[in-house]
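Below are structures written as structure tokens.
Next come two complexes, and both contain subunit A; in the first it sits with subunit B, in the second with subunit C.
And then the complex of A and B:
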């Protein structure tokens, strides 16, 4: 799992490249745990190159969502592959998290 | 076509298991979505066995065996841990509660149960067997 960061005035974009499983999800957890993440109004997750997600990866997002909401930080996913979106759907997480098709839609939120 | 594999109880081997299952399924021309679901279900069970049942002890091993009969995919996962999973302990996760509490775990078996058609766990002494089945078209 490779994570690339891009920061603008109010937005942090994390681009995920690879597979999020019980082995690699700790890298993402470390990034999201950093206190400066909450300095942004929005955290966008670019999933274009995210090829796989297991419950361990989902668990990282689930575990940070309340913290983000409490800090008034929006967490938005975009460019998600169908097979990855399907995993969110199986659990019903697609209705609890903000997932949009494109970066422009994510930016507009 | 390789239909059996033995791995040590290390998280690093999860990728090996996923590749093993997807390579096996490749000849059946299933949709990418279905292959991903089956790979995910296997990954979840194997991750639980590695991390929880065997405490990531790399001197312990899991044996995986795959089969396809009459459009029914089946996998058998064997280990020799003292901790065996009890299906009766399963509770459907309350996602809102997980979010509120910031829980990281506890949704893997829900994925397995929702994806696979049949999920079986059995134990004899310290020998445990998990069998997962899914009808594929």
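And then the complex of A and C:
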């Protein structure tokens, strides 16, 4: 799992590369727990290279969901592969989280 | 030994008797008025008596047990000085008495003189014998068998020579010089064996030097006496007697002088020996302490104290690169700023993490710039083959303060410490591992006990189940409950996370299931007696809010099948879609319903995210319920088994019995994931609704 960060004026983009399993989700959790993350208006998650997400990986997003909502920070996923999207969908997360097809749509929100 | 005791028993009277004979013969030879009438005994009587006496005394001392106790050399010398000291004092006292008597009552009577002379002779031989055998025990201290045999040979040769001297036969001068010279060289060679000196510390060496001087002084007193009386006009002893005594003295003095010389020349090395000894002792202490150390911090502190003490550092500090511990090292007589300055300088020269000794800091421009009071520095890294643990810095105020020895001892100390640290880590890791194993065992026991042992049996459906736990226990569970009116509730689910926490949440879900699926006595109509699946999920979500940690969630599906109404209702809370064979349509498909997992949102709005799905079943319909361990099982190319392949399997097998359908699916799954490790629990339930009514029992 490789996580690259990109910051613009109001947006933080995290690009996930690889498999988000029990061990790599710890790294992601550390990134999302940082207090400066909440200084942005939007946190975009680029899932183009995310090949797999385990329940531990889902758990990381779930555990930060409320915190982001409380801080009025939008969490947006984009470029999601179909099988990963399927996992979100089965769990019902697609109704809670914003998942859009492309980066341009993500920035437009 | 009884034989040596018997020998001693006969030796003593014989020796005493020979001394009496010696005394009498000397008195007779002195020719005092009282004995004038008696005949003067010939020389040989005196000489034989003396020979027997000397031989007896030496034999007596020879048979005594080794005077050396353990390595108490100082004690041995004390006893040696005390005995001969008294003997020499008696000798001096007697001689003075004699002189005094001579001065007060000048007479030509030689009786008194002869008595004193014989007593002193006896004392001197005692003195020589006791010193000779003390030397023997020192020479033979921790000696080889060869040295013992050489010593015995020396004793025989010396004894022979001395007794021969007493016989009065004179060898030609060159020959006698050759014999004496040969014996002397032999003596020097034997005297070279002074291993015991190494066992003394500096103070003890000084003590021994003084005691050896004292013994030599006693010897000198005796020799002075005998040399003096040799020329005394009153001398009545035969000539060979003196020659014998002087030769004995020559050899006895030999060892005393040699011992003195060796001890004296060993004095400067005493410091080095002591330092070595101290180092060995403190290493031993360190090893013992370290083994008692419970934490890494304990071990590092012990290393630090021991090294500061051993190399006598004026200032020191220890840097520890601990990965997660609060302990970062410690300082002694130095401030953090000074440490940082030196560290920075060493880093500039790239010397921070290598073994480094600088004994001339004042001449290093970089250190001069720091204006610190130190003259010497040692840097000793703490590392094993695997990793760097930190570094130890020792400072002394004066230049040339450390030597290679210090570097060596620090190396030994640090490697011992690293060994202990790694041992501690290994022990901790194995304890942790054991704990995890134990936890897994408990978790799998719990999980096993939660899975129903007996499947529900009725004549309107058949059911077949399969549950396989992954090595690291996952959180799959399922359960059944018969409800009144030929209804059956089936719950399947998956708790996120693994191990004992997952097992705990499974148990909770089972509890919630059994608690909520109780008939509500206040219900106004039949429908409200049991919660519908969506209501059940909403209540379960509420119950779980308080005990599920933030990043955990549970997926579940609850089915309530009603035989009387030929229908079922279910709700899917984030769990895998239900695969279904519709016998009327002859079609296999998934029920695609919406539904959020449990524990994801933790307020009342959850109810909006969960839906009930009703369906009227027909006999021959097949329902396949499973967990993600089935569809996410990996094949050789890391691809997943997938919903599609599962669907195809049911399309091929729907007409079979529930048990056979399950087996076919599992076989296909096993084929697909052959050789791949199992990552998650796998649970599969196949329910087939029976086509026919039950046959009435006859």
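In this text, the second predicted complex is superposed on the first by the 109 of 109 C-alpha atoms of A that agree within 3 Å, B and C clash if a C-alpha of one lies under 4 Å from a C-alpha of the other, contacts with A are read in each partner's own complex, and residues count from 1 in each chain.
Here is the rule we go by: contacts are C-beta pairs under 8 Å (C-beta built on N, C-alpha and C of every residue); 3 or more make two chains touch, one makes a residue touch a chain.
Only a predicted model underlies this, so the values are computations on that prediction, with no experimental measurement involved.
Using the contact criterion defined above for the overlaid structures, shared-chain residue A:56 touches subunit B and also reaches subunit C.
After overlaying the two complexes on the shared chain, residue contacts for A:70 are found with neither subunit B nor subunit C. In the overlay built on the shared chain, the residue A:36 is in contact with neither subunit B nor subunit C. With both complexes placed on chain A, subunit A has more residues touched by B than by the other of subunit B and subunit C.
When the two structures are aligned on the shared chain, A:90 is found in touch with subunit B and with subunit C. Once the two complexes are overlaid on chain A, the subunit A residues touched by subunit B in the first and by subunit C in the second are 22, 29, 55-56, 58-60, 62-63, 65-66, 83, 90-93, 96. Taken in their complex, subunit B has these residues touching subunit A: 11-12, 14-15, 18, 32-33, 36-37, 39-40, 43-44, 47, 50-51, 93, 95-96, 98-108, 110-111, 114-115. For subunit A in complex with subunit C, the residues that touch the partner chain are 22, 29, 55-56, 58-60, 62-63, 65-66, 83, 90-93, 95-96.
Subunit A meets subunit B in the complex at residues 19, 21-23, 29, 52, 54-56, 58-60, 62-67, 82-83, 86-87, 90-93, 96. For subunit C in complex with subunit A, the touching residues are 494, 496-498, 550-553, 555, 573-577, 594-597, 600-602, 609, 640.
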